[in-house]
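Chain nomenclature is as follows: A, B, C and D, assigned in order of appearance, with residue numbering initiated at 1 for each chain independently.
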């Protein structure tokens, strides 16, 4: 009947009710990253065919908190910031596909529905969670500075259970913001078949990365990490065998789509 | 590498981290339904090809609140009820496809991530919202009874804006719980293409209905409805031109998959 | 200037902005109670002068979840149920004052501001928390019945940490709903002095109980209890040394004030 | 029995379960302020005896959003920031007492329980609400800068209804951050009598201001304000008759008690 408009659901003739506007999507935010090594066998448990463990340092894990403000090209969300601000925590490993090393988000929790919808599109396996990370501020009465001795905490909970908390104490400037989340992402976009017990109706391996990425000076420091168990999570299986380091930086990002690598449609 | 398990994302070798367990999914809950007529042109705005307006009473709309407890076959979620209870409000119209009348959920808001994930699977266009509906109780100090004179309110908000509120005053027993939500559902399951500006990567029209459905005595009554505007919603375009009626009932439901009607994969 | 109206703050000439309406306050709800014995020395840690340990069974503790709908005499909150429904979990011990045994709520978590305001008035030490308890329903697809074999879970979290969870399996009808929460409450209402380091500006021991109390058939059963630690809570100091039992019942309550026992105003 | 410790409730022998730690309380945060004139008669409705309208500009109102990080002297809350971060929106008018001009917070909404507890102590009439304000960021992909042309939005909701939203467009540096919230606060601390229908058990007029206050460069700009009605709020009675201006600044604050002005204890 009608020609329906809108990037994702619900689509309507007017196209203003959609859960998320058209890309490109714009982001400004703060990233707190901790990197450590776990047993590579635990990483392998999370890599479906045709992905393989990365050749180098295959047990490296990044646990990242991000405090975001985001918007569409109209920037209208910035003036009604319940539609712009969200927090997330996510876990990234690396993997190998067709001889190339990719980053891959294996777990992620966010606190807004538009962020979930973007994740469905981008292949991030987003659940709802409650995330908190210390904020830097020019006045230090109740805030750290981004600089030597600055101490930042970050916590993750879901299902009314604490899943992780970390403390990062900044020591010095860093040339990098870590290496685990530094490649293009290799993600699966899946849709189970609608018939009871049927195989996936859609299963696509895609790759994407920021169309634009700016980063301030990164800082590195010392890290404490605690992971906690939950009956509905497997985060604590990625045991912390050796801490690599922790990083703090501020970034600006634009995301505008990715590329299909393989696509299985029964 | 690994064989990954889990109905939906994130899939892992253990298969316990998934956002939603395998169907069948079980539900017990209370439904508050109000039905009214709007301009059929406004319903048409929400029906993509090949769906057409229903032949009879094409402007009929049902606005439904549900207070659910749900679980998988293991019933384990019932003992950790943050994983079992959720509330929703949704808008149903009817449409015609291949000569048959279907119900179709055009807008829906829920308050848990597992409910969103089910919606992605079932084609319900779920956003997060805040829903409240009066609960009946055997002690009437602060509750209505399900019976003559029982008064129930229900409200819907999203993005920190009130979108709808209704008051239902029960009058008498009813043979039906309304008619708008009484058919099998015809829903689209879509996934936008990952390349910037590309067409949908997946677009499937499916049909589904409860595998099992039990209903208690339905009651009908008088209704007041208010719809409010929001820059990110179109609910108030479905203006209330004529009230049909309101209904209250308690139900038990099992959902276990549906059927594909048409599938477009570029 | 103006004559200000309203039971509690903020008071205004119109008197409609107050955080909580005038008593009497009306409640309909479901109570899930577990009772156990801890070391009486741990109860004593929570009893300020002039309260003493109860003469009999001084280590008895009740951990109670309640799923409430509540309203003022106008009942208007029932039609905008975000203002009527709330959940709580609370811990009750007994104590002795002037030769009489009282119940005393030592910890309590709620999820609405009007419930906090009532607590300030009634001497309940209310914090915000996230509480969930399994709901009975006439349709058993995803719910227990209140009867033999009915299994109910309840959980408590605050500060993004799980503090307690219990499972109650109903066995048989019970003459009582437990005994720990069965007396009038003896609570302190306090206001610290506004000068830095000054003593309390107000410190009153009050007693209160329901002005009206109706109860359905109570059921008792078997109980599992887990308490968890938190840096800002002491609930887990009330270790579960011996389980007494668990109870489920539905109630209707009216509260309309209490009585002052002792009052210290510097 | 025991000597109980803790600034406010619940008090225990260990003193670690209290809802809020001992002052001094430390704050770092961003303030978005809009000032306007309303009918002074509407301000008078909010001033109990012995407060009178301010002599100059008695209808001036400040509507302020604050995005805070706060902690005790131990700074431990900063590492578990669910205990440190909160948002608030509040309405300030001025009044006269004993020949001196004071600021007075007449309405305030916060989103954490420790903030409510501080309000009970300080005489701020705190309710729970949902507040959002645009955040500045060094990367402008999805954020304004604090500088000419920077556009900030702020919204307030409570009870699932939008109560206010504003847009502030910065124009130039400002010597002040407005004048309405620039005096010591004159607040009432009240506790209704516990007997049904009795007068206040405690009613104290106190004055307090920051023990330490640092402010960055303030910016001023142009303002749009919308106030919305709610059955449980009176904010929209403070109609916007004339806009004075809008301000943005970052601050660091220490609060460490106040002084009693008058005290009524029956």
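Quick note on the criterion: contacts are C-beta pairs under 8 Å (C-beta built on N, C-alpha and C of every residue); 3 or more make two chains touch, one makes a residue touch a chain.
Small disclaimer: the values here were computed from a predicted structure and weren't measured.
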Would you kindly state whether over half or under half of the residue numbers at the chain A/chain C interface are used by both copies, giving same or different?
same
Name the chain pair with more contacting C-beta pairs, choosing from B-D and B-C.
B-C
Here the gap between chain C and chain D, centre to centre from mean Cα coordinates and rounded to Å, is 30
Whole-Å separation of chain centres (CA-atom averages), chain B against chain D:
40
Centre-to-centre distance between chain C and chain B (centres being mean Cα positions), rounded to whole Å:
35
Give the residues of chain D touching no fewer than two other chains, as numbers and ranges.
80, 82, 130, 132, 155, 160
If each protein chain is taken as a node and each touching pair as an edge, is the resulting graph a line, ring, star, complete or other?
complete
In the complex, chain C touches chain D at residues 1-4, 7-14, 16-17, 19, 23-24, 44-49, 51-53, 76, 80, 82-83, 106-107, 112-113, 116, 120-122, 125-128, 159-160, 188-192, 194-198, 201-202, 204, 206, 208, 231-235, 237, 256-260, 263, 265
Parts of chain C lying in touch with chain A, wherever the complex brings them together:
130, 132, 155, 157, 160-162
Per the touch rule above, chain A residues touching chain D in the complex are 26-29, 68-71, 75, 78-82, 84-85, 130, 132-135, 137-144, 151-155, 165, 167, 212, 214, 216, 250-254
